[in-house]
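After this come two complexes, each holding chain A, first together with chain B and then together with chain C.
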Partner chain A sequence: MPLDTSTYNLALLRVDGRRWNELRQQGNTKIQCIITGPNERDASKNTSSSASTAPTAGGAGATLAVSIMIAPFATVDRKRRGRNDKRVQEMQTTIACGLAAAVQGQAYGPRSTIHIALNVLSQDGSLLAGLINAASLALVDAGVPMTDYLVACTAGSTSSYAAADEAADPLLDLNTQEEQELPFLTLATLGATDKVVAMVCESRVQLTRLEGMMATAADGCKAARDFLDGVVRDKGELMVQEGAIGRGEVVSSMDLD
Partner chain B sequence: MSSTSQHLLLSPAELAYLHGSLSLTTPGPIRPDGRAPAQFRPLTAETGILPGTNGSARICFADGTEAVVGVKAEVEKTPVSPYEFVASTEGRKDHSTSIPQKKKGRKSKKPTEDEETTMDVDDEDDDEEEAGDGSAAVEKVRGSPDWVELSVEIPGLRDDDSGTVFLTSMLTEALLADGEFVKKLWINRRFHWKLYLDIILISPPLSYPLPLLSLTTHLALLATRLPRLKSEADEDPMFDDDWAAATFLYPRQDTSSGKASNKSKQSSAAAAAAAPASRPPITLLVMAVGDNIIFDPSKEELAVADSAVAVSVAEGPSSESEPESDSIPATTTKRNLHLLSVRTIDPPSRLTPPGVPNSVNASAWGTMTAATPTTTTTPASANEGGAAKHPDARVTETEDVVGVWKAPRGGAKFAMLGAMVAKVLERGGVAEEVLDGLEGVDLG
Partner chain C sequence: MPITILQPSLAPPPKPRHEDSHSDSEGGADLEGDIAMGRPAKRARTQDSSIMTPGEIITDDPQWMRGHGTYVIPGASSNTILSSVAGTLAKTNKLLSVRPLRARYTPEIGDLVVGRIVEVQAKRWRVDVGGTLLAQLPLSAINLPGGIQRRRTETDELQIRTFFSEGELLVAEVQQLYNDGAAVLHTRSLKYGKLRNGVFMSVTGTGGGGGGGVVRARRQAFTLDISGTDEVSGSEKIDVVLGVNGYIWISKHIEGEGAAAETSGPGITRIEESVGLNVYSSQNDIIPVDTMREIARVRGVITALVENGLRVDEEMVIKGYQEAVEMAKEERDSADTLWLGGERGKRLTKALVGR
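Showing the complex of A and B:
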């Protein structure tokens, strides 16, 4: 069923009831991320597994190995993906290279590897953005030193033909149905700054609209960064309350932020 | 047989210590994590985590291993085999129901003896359908093992890794063993549900994941719901859009959902609902060290197991003929457990080579000459001479020495296998305890 974007311009409400610039607080995309390591690099294992790797700090730091597993039940129709799916591999590489820019890998030896295993349990659009945010949050939770959160967001445009150029609106954080119909891009920035770390655009898009989409996505990234930061701070507060960490050291370090 | 081959960095001395403490008889075995022999690792479980599936569950063991299971169902056409007698009658039945005129025409024909019997069956069917009694179709409900597809995904292992394949087949075997499960997927003569069970181990396999995967699958199946059927008999299936009206694959006896599905007069799920509640199978890992039987072994414990067995049990319809059941409250009804399958599993202890005494170990400057007779003496006397020269050699072959690790040899003893299975099935035993525990999980 084609997505009817005519209502988008009038009411500025989308299929799931959001306005054009609203993020989904509880989307149906569900991702789990497990960080293991840093371990000693296993040369024999690296060649056999399908994980994508990227060295941090110009080869002097730890290597990041990212592997994505998309559950067969993640999509509406059950679909089994092979491990060597080219799309998945490309996403792995994008994430590994993107995170390598943010992770302070020199804290670990050059022969160590941090394994990032991402499990996609439910998929409803903005897959790559969700994966990047999940990996970033998990790395912070694991205590891996990073310069800032690597946050990502998707942005799209409401019309796909040139005639409706003036009427086209940018959209933030697309769901599956919108992704299938509309041009969109995924943008990853380093924290709240406008430093673009990665940008992926697989659909045809008018060049005049690209800038607007990127600006929208960067705003979305800011919101995502604030959200992730809030989650980390809540977790920190909880840990202090439970007595997992001493009060003094944590409060001082959090005040510094 | 499969091996749970994992690289465990335990020295022979550590293995011997573990084996020694696990095979203690007087105070019972002492496990490294302080559990009782029949105690499971504490676990957290939740269901209904994935809105896009028919049923899902997640279980997290205290040691950090975690698994997610998603169940998806699709409607599939049942192929009708022209060779099978029963199938052929049903095939004709299909035509007759879809095109009533044809059926009448056939009836007027003079039937052969073979045809006559089929016509009789047809007539009976019609009567039943007219009565609109869903439970009357119970005998016709069939199932095929092809209707279930199960996949296991373990991080770091290939799909065709022998361990993964063995886990898959063991879990599938437990599901299909009694043939009751696939009958639940029957919609009508022409259609059935195809159930896809995808099991994903989220964490790296810290211990042999069989019990974890089995319990998660059990929970996911308990939470699985199929849309309520609106169409009748052999029509193309039509389902109720309302997910709230969907029926559980394993309806619960004492909840309102079970009653609701009883009322609905659809054939398959209602038939299952009308029968006393049964439960999906669980597979438990049991191991033996010496005379001790230990449940849910961790990786370290499995490394010194004399034998390990995977026992699959299922709960059948509970026997209500017993007169005591009236006096006992509903919460303590007896479970009717039955054994589905037993599989032996190669513990890693079988892969470790036995120790060699220094006296015959060439790399420890021992001499190998004693074992190989060089003179013309008979082999027996040569061996005697060898044993006389190196008393260690015989001792290590025959006796256990305290503090020296000796890999188990030979298979599991029959008596021990029997004892292990009995311990799983006994009243108030581990299987019941696990089932009770999982029943407490809220099916969201």
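Showing the complex of A and C:
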């Protein structure tokens, strides 16, 4: 069942270079991420009682609290989701645990919490991937130390079992329409490495297809990392040009003598 | 009041970031390895850019030591130092550290901070100073009203809310740091204590992280003479406290009080006479409208400085205030001369930097 709507190109990701609240677009998915903290506020006392938490650095570092809000106007059918939607909660937990692997929370101490509030303004596929990327970029912008960007991407398979079409291409970065029709997975890797931090696959997929999909998604992650990196660099260079921060020094072997 | 509609300024044209690699209709990836997805030519930019980003290798030379904002891969035998934040590289002899573009305030001993009480405990207060953890202010680290020197008794503990209660603002100094980075404050000086008669504002104060905002300076608190503006009657002054943590307090100046009071005042022996009984008063004095307006103007100047990415320190605030007064004189007939956002803020900062 080939889709004529299918496009392979990685979605044009756009970022509005705002502080603390970053807007990001993956496909037509629009996500706003607001980071509060790290500060010493009890996660359970906060309004987002439904947030999922995960400790960093094996419990010795700051706690991450992730809460997702999907706006009723984000989808076509204008469905209101409850706070305790199990799918949303699972995504929260996935993001919290995934980011906990990348964030170096020991710089802050175990009593502090980083609150990550994700608002889905428009939903058009690759939701989990977009959420992870938005949170990752916002954390970097907030100056939270991380081993690398945590980037995510989706991949799907066009081939059906009946067709037995071994040469069918895997798809990268699916939109809603594709997600509804094709088996797909979301893969999150640590930066440009092939270290898989999280993988979510909710559909039935042929085992032989899985490897190709994962490879595709991992490549998408690398591209996403480069894009996020470019955005951060552009902003940093702008700040250097404006004189907000001092120019950096360069390490060269010449200095060592 | 008439409403002015300002022409929105055009956003700067977006920089072409990617060579258009998204049109590869051939397909994203195949398993044999050759991948065409807008990746190449990307690595080259690390060479000319001085910005470090998380996960970027700074050096693999074993002679360097790693400092803040960097990490090494645990367990690996190599000496590769990687960056963990986005920022610029700083070298101190053989120590490599990355100064983040933006960061939360990290307290250091001796910092002058403005804080807000968030919690009252039996023998101490917990103060929000904008850091990752709440700072604490022990009961023994404050001056008693009247400047009496004695041990803090149970009576004082019971009356702890008469000194500071929740939500109140104070200016204090960082006395001590714990291992986890939490700060202990003290207000045992006439310069420190409860804040009133003014306005609070919060800017991006990184306290040495970089990226505009309040910077550590020789003097964090100063008095601004506003009698130079001919609209103000009498000789009024404004106290400005620039907390290193980015919290700022702008208030009416009262002789012999406030953080900007000269240290040449009464010595420790005469502290009893000088510390009035009203140091813990939460009641504002009567503030003339002129003073209020000038306080608002100072606040506008600081907001404009931050919005335009300039540092906030004594020199910039004083210069900026003078410039703002000049601007207000020029536009005497316009309805609102206090507002310093948008184009007016740009004009102000341009005049400042151009000097």
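We adopt the following convention: the second predicted complex is superposed on the first by the 210 of 257 C-alpha atoms of A that agree within 3 Å, B and C clash if a C-alpha of one lies under 4 Å from a C-alpha of the other, contacts with A are read in each partner's own complex, and residues count from 1 in each chain.
Rule of thumb we're sticking to: a residue touches a chain if its C-beta (ideal position, glycine included) is under 8 Å from a C-beta of that chain, and two chains touch if they have at least 3 such contacts.
Since the model is a prediction, treat every value here as computed from it, not as a measurement.
Participant: Tell me the contact category for A:Arg87 with respect to chain B and chain C: first, second, both or neither.
Facilitator: A:Arg87 contacts neither chain B nor chain C.
Participant: Between chain B and chain C, pick out the one touching the greater number of residues of chain A.
Facilitator: C
Participant: Could you tell me if A:Glu237 is touching chain B, chain C, both of them or neither one (first, second, both, neither)?
Facilitator: Touch partner of A:Glu237: chain C, not chain B.
Participant: Looking at the overlay, what does A:Ser67 touch: chain B (first), chain C (second), both, or neither?
Facilitator: first
Participant: Quick one: classify A:Ala117 as touching chain B (first), chain C (second), both or neither.
Facilitator: first
Participant: Between chain B (first) and chain C (second), which, if any, makes contact with A:Ala223: first, second, both or neither?
Facilitator: A:Ala223 contacts chain C only, not chain B.
Participant: Considering only the touch criterion stated at the top, classify A:Gln32 as touching first (chain B), second (chain C), both, or neither.
Facilitator: In the superposition, A:Gln32 contacts chain B only.
Participant: Contacts for A:Lys195 in the overlay, against chain B (first) and chain C (second): which applies, first, second, both or neither?
Facilitator: A:Lys195 contacts neither chain B nor chain C.
Participant: Touching A:Lys79 in the superposition: chain B (first), chain C (second), both, neither?
Facilitator: Neither partner.
Participant: Can you list the residues of chain A that touch chain B in one structure and chain C in the other?
Facilitator: none
Participant: Spell out the part of chain A that touches chain B in their complex, as residue ranges.
Facilitator: Its residues touching chain B are 28, 30, 32, 34, 36, 45, 49, 67, 69, 71-76, 78, 80, 83, 117, 119, 121-122, 124.
Participant: Residues of chain B touching chain A in their complex?
Facilitator: It comes out as residues 49-53, 56, 68, 70-72, 74, 151, 153, 155-156, 158-159, 196, 198, 200, 202-204.
Participant: Mind listing the chain C positions that touch chain A in their complex?
Facilitator: Interface residues on chain C, with respect to chain A: 15, 17-18, 22-31, 35, 37-39, 42, 45, 49-55, 58-59, 61, 63-64, 69, 71, 82, 84-91, 96, 99-104, 128, 131-134, 180-182, 204, 209-212, 309-311.
Participant: Quick check: in the complex, which residue numbers of chain A touch chain C?
Facilitator: Touching chain C from chain A are residues 8-10, 12, 19, 37-40, 62, 104, 108-112, 140-149, 169-172, 190-192, 211-212, 215-216, 219-220, 222-223, 226-227, 229-230, 232-237, 239-240, 242-251, 253, 255-256.
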